[in-house]
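Heads up, the next two complexes both have subunit A, just with different partners, subunit B and then subunit C.
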Partner chain A sequence: MTMVLGHIKGQHFRAHHIDEHARSSWLWRLDARAKLVGVLAFVVAAALMTRPELVLASLCLALLMAASSMIPASHLARAYLAAAPFILIASLSVGLYGGLGKGLAMAARTSACVIALLVLASGTETFALFAGLRRLRVPALVTTLLMLTYKFILLLGEELSRMMVARKARGFRTGRSLADRYGLKVLSYTAGMVLVRASGRADRTYEGLKSRGFEKDFTGWRSVGVRAVDWAFLAVLIAASASLVLFQLEVVAWPLST
Partner chain B sequence: MAALDMRDLGFRYDDGTEAIKGLTLSVAQGERVAVVGPNGAGKSTLLHLIAGFRMPFSGDLTVMGKRLDKNSADGLRRHMGLLFQDPDDQIFMPTVEEDAAFGPVNLGLEDIPGRVARALRSTGTEHLAKRPPQRLSFGMRKRVAIAGILAMDPGILLLDEPTSGLDPRSRSQLIALLKGMRQTMVIATHDLEAAAELADRAVVLNVRPVAEGTIRQIVSDRAVLEGAGLEMPTLPKLLGRLEEMGYPVESLPVTMEQALAEISRMVEREAERRSG
Partner chain C sequence: MHVPDGLMDPLVAALGWVEFAVVAAVALWLSRSRIAEKDLPRIAVLSAGIFVAQMLNFPIGGGTTGHLIGAALFAIMAGPVTAIIGMTVILLIQALIFGDGGLTAFGLNALNMAVIAPLTGWGVYTLLRPFAGGDETETSPFTGFGPVIAGIAAWTSVFVAASACAVELSLSYAVSSGTYGIASTIAIPAMLGYHALIGVGEAAITVGVAAYLWKVSPGAFARPVTEKPAAGLARVMYSRTVQAAIAVLVVFALALPLYFVYSSEGEDGLERTMSDAGADDGEPLLSAPLDYGEDYIAALLAGMFGFVATSLAALGVLSVLRSRASRAG
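On to the complex of A and B.
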């Protein structure tokens, strides 16, 4: 999405920018498995919340996670804005039928989930995330497809950047309106050429994989064990998620209720 | 037993374009053969045929005595390391050391840390072990790609335009690195100077094989160069001009060392002529 928007706006896409903030956060040092399980547990719990005070509490927890992650707020805000239209559509549709309160609760609930997932994605290198999934016994076919898709997106991005530079060098002005027919024609030709070129590169990449003995599974070299700090991170998130669910099910009374 | 043996090899693309025709070539174990020719001569296609990514349309190809076909390609590829023209096509992992380990892990080889350490040491990329490859320069990424191949310890190296896209310093460093290796090599290049430094023998390919011999013999034959659409490198061109000016040259040099030896002899002859 960011890549396509960038293309229309004439911005450059750089493959390594995808993971550029991962190491700015202390989160990247944690084992990907702990992060995946912890954050997904939190997302499931947040999605289950219906009581307004608990929806708000889960949003606050997600914001707290984002604030403590040390990932630049501007980066998270940009990524959140990319997802905002979807959140807005979901909230509006619920709000139209269920009233303002339910619409706002939907917005807060989806925001809590999106923010938590953005923290996970931004605070973990993409490859580590996929490797973590594999170590969590997600089938090799799924993780390999994810990795190859990721690699293909990088190739598409690189080809797009080259095409944009070439286009600019020949006087094409970017930032045109989508109603500009000539601009639209050039953009569609560019998209076509990018796909053709990326397909050629994808073939070479496949040959590159085969030439290095690849069969069907991206196996990491060093398997690092889960350390105490990873367990602690996981325990905090699981405890928070479990508490939310217990409050929601009224197994435990919400302490701030009047 | 030859490392590679090709008999009357031919390959045609799906659209009917002939890429290689009637190539017969044998490469002994430990030998380094350069395949030189202009763009579109079939050099890269030949490497892809040898690596078993494409199957020959006609003729026979054996690798380490075993016939290459669709069934044997994956197994035979274990003996070969293919260096792509663009290193980004063969670098996959998030750090340099993990990328070097990628092949050995896939092949289930033993002593992976030792293999990785040796490969990084021999390519001078030890200090980059923890770095993400995509943030390195093109020359360094080429070294990382070579490290990835060396870690698999293949007997045959297939190098596709190894010096293309490199600045002069990186080019010299890469040539020195490759010169120090002991593997059988097939080097597809249009860089005649690099071929002269790296290869024992060269085959001029322009879809069909045009000539075979040392690079020195090939650059001395203008008809061969013109027939294959190759440009004479700067050093033999310079010495050729000196010969035209009346300074005899024993044989046209291609490398700097050969040129220095030739010029020294020329100076000695001139000194003798003047004193006598």
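On to the complex of A and C.
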């Protein structure tokens, strides 16, 4: 769980910049639906791989996707490190009981999945991703909440970082253990304050939305059709995923096996 | 507790998706009558607040830190249905925008942190609340021993969610004969030990936030009071105790399919391991723990026992405190 924190800590305060990475990538211009479905297909296939050569092949595919996406490697690496503790413990555990091969396969399989997901996350504009979900028939309640929540996360994140600066200025330092009651009190009051300040915003937001004709669903998103490029991207990913699964199930023989 | 893709056995991950889909469908159906359009920005603010609060690190000791899940806080403040939907939204953002927690594993992650955690927190809080004394009306949750109850609920929600995660990891390991998951001998002590401590921080912060909100902005907890139905099933369902009992039962019901998977697949997996043992080219550094069954059942029992024992202990303490208070008064 701590990984969430490290993960977001590194990224969150620069949340506006996430989409800037996206802009540098050809991936960014693809339709969010094609990316969502394609990456989902790949992740499902990659999670099914158990034969070492196929696990390796899926890892190579994920790395190829990451490399060709032009998303800065440092950005991907930092995000990957957040998932690393789980991958490490799982690989060690499987490796200790099942042998080195199984441990490495676990590490490669989880890495392939995480990298593919990170490419999707970093190579897509956030609100385009939510709009894509809505067009894929995710309930309006969920997508509307996703948009509003993300909007508020950006606001509250800034609020929180301002409060962190203020705390530091007052000379506050985080305690060393759970026994530090003062530290926990300050932390929880900070969280409480964030919530209070935010709830005032919520009402104003609703009024603002209402005056712009909001009715339980954000309508009027650019309705761009799925273009040939999007279909091609989707087809390549689905073909790759399907072949991985066919090789895994031994419906088709893996050509490179020794 | 955000499990990435490729770690859980596909069967267990699929089961997680099915269970989560059922719960999500029910929650969305219930939300039609409970969530009005004008509530949406408030729910979003609460979700964003919990998301941001998850970024506050608290020190555990020995240089390690933990952070809030916030499911119990969410459920106590907004009710179980809203909490399930709001926590799901938080997890979706973490998975899709930050790549934290997988897509195939999303069913299980959501089950642990967006369903089991809030339902447990809310269930424990609501069941214990009548024993806490003080003003028991809806709008004043933090009089009497209310904060103590909220703390117990928060700790239990983290511990039960972590137990669920540990059981899923061990089950993945058992049914895939060691290809997926984490061996129960590692997963259970690591997850439960760590989260027993995290839970203490979660409890302290939940109580702190709740006490702060209650002092500064009591309206934050105000929920519309619905009219009591006249008679029949609706009247029974109106009772908070009945609702909370159902919430706790749902948590146990969600664990049952995992056990069925184990009992139907576990033996096969075990047999496969034994038959594969000769042909396996890997060189095990440790001998495989053969008795997965006892580990798993032990974990489940430990989780249930912990849950019941905590509840009973809390009930005992509270009834003593209450009788003293009433004698003094």
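Brief remarks follow.
By definition in this document, the second predicted complex is superposed on the first by the 198 of 258 C-alpha atoms of A that agree within 3 Å, B and C clash if a C-alpha of one lies under 4 Å from a C-alpha of the other, contacts with A are read in each partner's own complex, and residues count from 1 in each chain.
Throughout what follows, a residue touches a chain if its C-beta (ideal position, glycine included) is under 8 Å from a C-beta of that chain, and two chains touch if they have at least 3 such contacts.
Fair warning: this is a prediction, and the values are worked out from it, not measured in the lab.
Once the two complexes are overlaid on the shared chain, A:Thr110 sits against subunit C while remaining clear of subunit B. By the touch criterion stated above, A:Lys151 is placed in contact with subunit B and with subunit C alike. When the shared chain is aligned, subunit B comes close enough to touch A:Glu125, but subunit C does not.
Between subunit B and subunit C, C contacts the larger number of subunit A residues.
In the superposition on chain A, A:Arg212 makes contact with subunit B only, not with subunit C. In the superposed model, A:Arg201 lies in contact with both subunit B and subunit C. In the superposition on chain A, contact of A:Ser243 is made with neither subunit B nor subunit C. On subunit A, the patch touched by subunit B and the patch touched by subunit C overlap at residues 151, 201, 205, 209, 214-215. Contact residues of subunit A toward subunit B in the complex are 15-16, 19, 125, 127-128, 151, 158, 201, 204-205, 207-215, 218-222. Contact residues on subunit A toward subunit C in their complex (touch as defined above): 1-5, 7-9, 11-12, 18, 39-40, 43-44, 46-50, 79, 82-83, 86-87, 89-90, 93-102, 105-106, 109-110, 112-114, 117-118, 120-122, 126, 129, 133, 139, 141-142, 144-146, 148-153, 155-157, 160, 174-181, 183-185, 187-196, 198-199, 201-203, 205-206, 209, 214-216. By the touch criterion stated above, subunit C contacts subunit A in their complex at residues 1-8, 10, 13, 28, 31, 35, 37-38, 40-49, 51-62, 64-69, 85-86, 88-90, 92-100, 102-104, 169, 173, 176, 178-183, 186-187, 190, 195, 197-198, 200-201, 204-213, 216-217, 220, 280-289.
Here subunit B touches subunit A in the complex through residues 48, 51, 53, 74, 77-78, 80-82, 84, 86, 88-90, 92-94, 97-98, 101-107, 112, 116, 132, 134-135, 148-149, 152, going by the rule given at the top.
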